[in-house]
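In what comes next, chain A is part of two complexes: it sits with chain B in the first one and with chain C in the second one.
Entry: the complex of A and B
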């Protein structure tokens, strides 16, 4: 099925009738997913959003429950099941949702905060037509033209968007948009990244044996220990839990945390098993390229290139991959 | 430029060969021609990896804090701003001059907007100078942007900063890159005390912004690294410039990280200090 690009706003109005629709937009100069305002044109091309859409399903600060202490303790859980649509999410960010699904929904524990949002979200993905020079998703085993876990997959067909439903949710979307759709449509699906990285199938296991390799001394020194890479990363999912106390009552919340911070692994007695940036950067690279693969059979790096683009010290995980493949 | 690179590389090679320094901090190439990254050269045969071009934007001096008790001197390639950073950290008792070997290199400005207003292109302190000093000039517009901004109403200013700090993601890149942010433990990391919450909201973000501005206010060397590294594009220098403008207005000409030993205006008390705002 195809949708004329001139009918895009009309289609978004239909979707926004009973859900919050998030689209690529801009706030104060930063390209990110924004709540569609009901009328603005949406630009699905250009560079990918500078911030990933992960905060829609995994907010950077999420209230969990309110409490009140008196003779007894009252606890009131905060349950949110918003109906949400993420429109125009690219295959790299779709793969990151696949990674988060593994973490939050599998291996015997379901994270109810994540699952409530995940069940109620509809993912309308857009094949990438404009990879940046820092994009390397196809080296990480992704197809920039296709997101297998999308509800609806869109691809650019010139004057139209070519839509295909992959799930029951997706079929419902196409039914809702039926009046605006027509048969046919030829989509261009030949996007490829210009940056090719030597991510060999053997690398995850090879890295597992390189914990004490001298390479870490060299590649970690430029790090300034900030959390930019982890906060712009679509797959970094670590969080901390804390409370906002006001006397005898307050709110428990969870918020993003970063393995780059000095207090991340600091224990109650003061011991820190990752005392310097060497151990911290090693852990991050290992997690992305080896540990996650061992546990879930896929990489935790989706090749979106955001950390390469934003690192204050211009550190580059792709240079590390190439180097590690060679040694 | 090429002769300067050759001079730089051969100087570093010699310093490593004769054991004057243990390693040298400078800039090296990345995948992209318009981007460099800090490198740490430990072997003489690696000196050719050093680059010197329009894209050497990263500050080099702060990396010396990773190695406070070096076996041999740390070689640092420094531009004007880096030399002020070195002075800053020595004045703050964070670095010892005798632990450093400073390879000065006059800088004609880099691919970084902050360089346009630079008043100190030549290193203020060095052990060896590569190339020849470049012309420097006073920037009459040092506080122009801040003066314009001051004309806004209080509400307009609040609205502006609220929107900016709504973008902040608490990555602390501005703090970690700043040569004036050299506390052994940052107040924001004193999680047991809880000055600074980890939650991301307007209050928490603005508290951080204000605290950072005041903590570095009278020690900012105006290198602009905070603003360059901010992934969310916050105009952070506008705050420190405001602090410096007020200090200049109240206490006379003031620049940080120069070769003088003038005490920090916010770090000393003098009975003659102006206090009409009390």
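Entry: the complex of A and C
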């Protein structure tokens, strides 16, 4: 099916009738996903957003429960099941949701806060047309033209967007948009990344044997521990839990944390198993390229290139991959 | 190690704790207290297997992961050493006050695989707390296990935890021997003086049909493990527990990983052979 680009606003209006629709936009000069305002034109092309849409399913601060203290304690869980649509999400960010699904929904415990949002979100993905110079998703095993876990996959078709439903949720979307859709459409699906990285199938296991390799002294030297890489990363999911007290009551919340911070693993009493940036960066790269693969069978790096683009110290995971593949 | 038990009692949301009342506080040492907890309506909050953990909170201050050191019909207990801000808040609690707990978390000591074996429990300092849950279990199922040795050491006689168990309860148990050592004695101490690893070698255990359960500070685990290996113990037969900083307790928040394993979920119980497979990040 295809949708005329001139009908995009009309389609978004239909979707926004019973859900919060997030679209690529801009806030204070930063390209990121924003809540659609009900009228603005949306540009689905160009480079991917500078920030990933991960905060829609995994907010950077999320309230968990309220409590009241006194002679007895009351605890009241906060339950939110927002109906949300992420419209125009790219294949790399779609793969990051796949990674999050593994973490939050598997291995014995289901994370209620994530699963409630995940169940109620509709993912309408957009194939890339103009990759950035730092994009390397196809080296990480992705196809920049396709997101297999999307509800609806969209690709550029010139004057139209070509839509295909992959799930029941996706079929419902196409039904809702039926009045604006027509048969046919020729989708362009030949986008390829320009940056190629030597991510060999053997690398996860090879890295597991390189824990004490001298490469870590060299590749971690530039890091200044600012955590920008983890903030812009679509797959970084580490969080902290803390409380916000107001007298005898308060709220327990969780918020994004970063393995790059010095107090991340420091225990009461002072012992820290990862005391310097060498251990921290090593853990981050190993997690992305080896540990996660061992645990869940896929890479935790989706090749979006944001950390490469944003690191103020020019740390570059693609250069690390190439180096590690060679040694 | 033992199969993972994910029967969390948190009403569907594993990150929301249940309220419990502190019904008894025991001052074990100058900086260790044991807190007995019960639901406000007089029930046991959950029934952990030996070695399992609870995320316990002083509501409004914070929460931390502690081993459940003992349990009865209608209570569970954790022993907490004062080392930082949260544990200080625990030490300021009074009997009757309410706190909150979620769990049980983590794997547990392999109680089935230990059946029919002679057991050597080796504890250092507050490290006796997780071991104690298994000692108590074995005492309750005494016929399932062989001879029991309990070797325990602390910095000084004042720092010995669970003195009632060490000096009165356990020595009375059938086929059980308790051996205690302190790093530094005092004028009334008549027992052994010396570090745990040396004392274990002195006691000259034979590895035959034995399993060792070893918990304590990292340095004590390291030297005691090396001593046990020198004495001929197979690494599979030496079981210990790991500690890392934890927040969620359910393998999501990220920080307690060692390699691809999460200590809160895949641990805390590992044997030395399993630890050899993990990156050296302890």
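Definition applied: the second predicted complex is superposed on the first by the 327 of 327 C-alpha atoms of A that agree within 3 Å, B and C clash if a C-alpha of one lies under 4 Å from a C-alpha of the other, contacts with A are read in each partner's own complex, and residues count from 1 in each chain.
Going forward, contacts are C-beta pairs under 8 Å (C-beta built on N, C-alpha and C of every residue); 3 or more make two chains touch, one makes a residue touch a chain.
Treat the numbers as computed from the prediction; the structure is a model and nothing was measured.
Participant: Following superposition onto chain A, is the placement of chain B relative to chain C best described as a clash or a fit?
Facilitator: fit
Participant: Applying the touch criterion given at the start, work out whether A:151 contacts chain B, chain C, both or neither, answering first, second, both or neither.
Facilitator: In the superposition, A:151 touches no partner, neither chain B nor chain C.
Participant: Is A:64 in contact with chain B, with chain C, with both, or with neither (first, second, both, neither)?
Facilitator: second
Participant: Applying the document's definition of touch, where does A:315 land relative to chain B and chain C: first, second, both, or neither?
Facilitator: Once the two structures are laid over each other on A, A:315 reaches chain B alone.
Participant: Just to be sure I read the superposition right, which of the two partners does A:50 touch: chain B = first, chain C = second, or both, or neither?
Facilitator: It touches chain B, and chain C stays clear.
Participant: On the A-aligned overlay, A:224 touches which partner chain: chain B = first, chain C = second, or both, or neither?
Facilitator: In the superposed model, A:224 contacts chain B only, not chain C.
Participant: Between chain B (first) and chain C (second), which does A:7 come into contact with in this model arrangement: first, second, both, or neither?
Facilitator: neither
Participant: Once the structures are superposed on A, label A:133 by its partner contacts, choosing first (chain B), second (chain C), both or neither.
Facilitator: So A:133 only meets chain B here.
Participant: Is A:28 touching the first partner chain B, the second partner chain C, both, or neither of them?
Facilitator: A:28 sits against chain B, while chain C stays out of touch.
Participant: Consider the C-alpha centres of chain B and chain C from the C-alpha centre of chain A, and write down the angle between them to the nearest 10 degrees.
Facilitator: 90
Participant: May I ask you to name which of chain B and chain C touches more residues of chain A?
Facilitator: Of chain B and chain C, C contacts more residues of chain A.
Participant: State whether A:93 touches chain B only (first), chain C only (second), both chains, or neither.
Facilitator: Once the two structures are laid over each other on A, A:93 reaches no partner at all.
Participant: Once superposed, minimum distance in angstrom between C-alpha atoms of chain B and those of chain C?
Facilitator: Minimum C-alpha separation, chain B to chain C: 6 Å.
Participant: Taking the two structures together, which residues of chain A meet both chain B and chain C?
Facilitator: Touching chain B in the first complex and chain C in the second, residues 240, 242, 257 of chain A appear in both lists.
Participant: Provide the residue numbers of chain B that touch chain A in the complex, in ascending order.
Facilitator: Result: residues 30-32, 35-40, 58, 62-63, 66, 163-164, 166-167, 169-173, 175-177, 189, 191, 197-201, 225, 228-229, 231-233 of chain B touch chain A.
Participant: Please output the residues of chain A touching chain C within their complex, sorted ascending.
Facilitator: Of all residues in chain A, those touching chain C are 64-65, 67, 69, 71-75, 77, 103-104, 107-113, 208, 211-212, 237-243, 245, 250, 254, 257, 259, 264-269, 271, 273-274, 279, 283, 286-287, 290-292, 294-295.
Participant: Which residues of chain C touch chain A in their complex?
Facilitator: Result: residues 4, 6, 8, 11-19, 40, 59-64, 83-87, 98-100, 218, 243-245, 247-248, 250-255, 257-260, 265, 279-282 of chain C touch chain A.
Participant: Provide the residue numbers of chain A that touch chain B in the complex, in ascending order.
Facilitator: Spelled out, the residues of chain A in touch with chain B are 27-30, 50-51, 60-61, 133, 195, 218, 221-222, 224-228, 231-232, 240, 242, 244, 253, 255-258, 261-263, 276-277, 310, 312-316, 318-319.
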